[in-house]
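Per-chain residue numbering starts at 1, and chain names A, B and C are given in the order in which the chains are listed.
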């Protein structure tokens, strides 16, 4: 192998590593947008984190499919009442496993609500989250998110197993 | 274009991507230092996360400008009493948008306080955070942070909109 | 220096930066696995985040050394009772300082527990965390984690100083 071929091989290996890093950081940043989107009532911004027909399963009471249903949830009475009262949807950085153009992940979501009478917040939910993401021409998007309260239900905590 | 020129072009594209990734990770790490700095009472370490004349607007009661005022807040009676009683300033990884040598971001900050009588913590604040960062010769620094409680005030939650 | 040597030098500098970024992201992802492992009761998965003889000091009541003791904690009565009742071990992204094959870090861990009677969670602990990591042939692993409640104890909050 001549000098240029050798260097080209090195560059190709490096490009692979950079692509893997970009995927990780891009997915971290995708997830970091969920809370700010819903807590500011930006339904479209929230929905666009998903693929067109992605699903969001808020166990047990609400299963959304497609961007319109996610917009509907954010603009709906239940969510609007939450944020008008004062609420933070605080998500952690997920553990991410990438396999080509697909990825899966596990993390937490806290739902913390303002109590004006007590002048403090209360923690309404700490949920196990599992994610499926897909590489699209517009970047990584969510194809499936499951959010289930860690209230002692065995299947909920088992979602977090590797 | 000859072989070397082609390879050089590939390397330049890669260098651009690496620079973008470095910026993202460096800013994540900048923000990750705030909590540990203030909760250990390290005023100078906290202040050095900002540029010399950076601002920190802790809505509504305290607006700091410049490192001295940030040191003053950390070393001041209010903050010292908080950490001596037991307190965690828990910040999330922001969504970061980089534009050359400037960047903006959105995230959350939790202020959680120990209650020795109840033998548990209480959540005093869940705040919307907006950030402006600047690339300096010493690395990325904060030029502006706004921290406003998500207590139902419309302008506070609207800070989190994209 | 000829054209190829010059390009090779550029590629080597880039490779250094990519290695530094990979280290940062890999350690973030290592830490992101702790909560999901223990909250799903996956003792072996949790223990494998440590080196064979790594330590986990849960100040003040429990100091574990080696993977078997970490597995023992996760499978033990105390932890099992926590997760069967409903619990989230929510960790933040640490500030990470890498020095060759070793790294140190500072972050937070929240221990939040379900209260079925109150239909909400309560925050049992907000802990200062310090970490030591080591590069092994299998990737980065924890060699030491110290977890100490931010309950006003001076040594606990001082763990978070830079």
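Side notes on the structure shown:
To be clear about the criterion, a residue touches a chain if its C-beta (ideal position, glycine included) is under 8 Å from a C-beta of that chain, and two chains touch if they have at least 3 such contacts.
From a predicted model like this one, the values you see are computed outputs, not experimental measurements.
Overlaying the C-alpha trace of subunit A on that of subunit C calls for a turn of 120°, given as a multiple of 5.
Both subunit A and subunit B derive from one sequence, and where they touch, under half of the residue numbers involved are common to the two copies.
Computed centre separation for the pair subunit A/subunit B is 21 angstrom, with centres defined by C-alpha atoms. In subunit B, the positions touching at least two other chains are 4, 7, 11, 14, 18, 21, 25, 92-93, 122-123. Of all residues in subunit B, those touching subunit C in their complex are 4, 7-8, 11, 14-15, 18, 21-22, 25, 28-29, 32-33, 35-37, 39-42, 45, 83-88, 90-93, 112, 114, 116, 120-123. Residue ranges of subunit B in contact with subunit A, taken from their complex: 3-4, 7, 10-11, 14, 17-18, 21, 24-25, 92-96, 106-108, 110, 122-126, 128, 149-154, 157-162.
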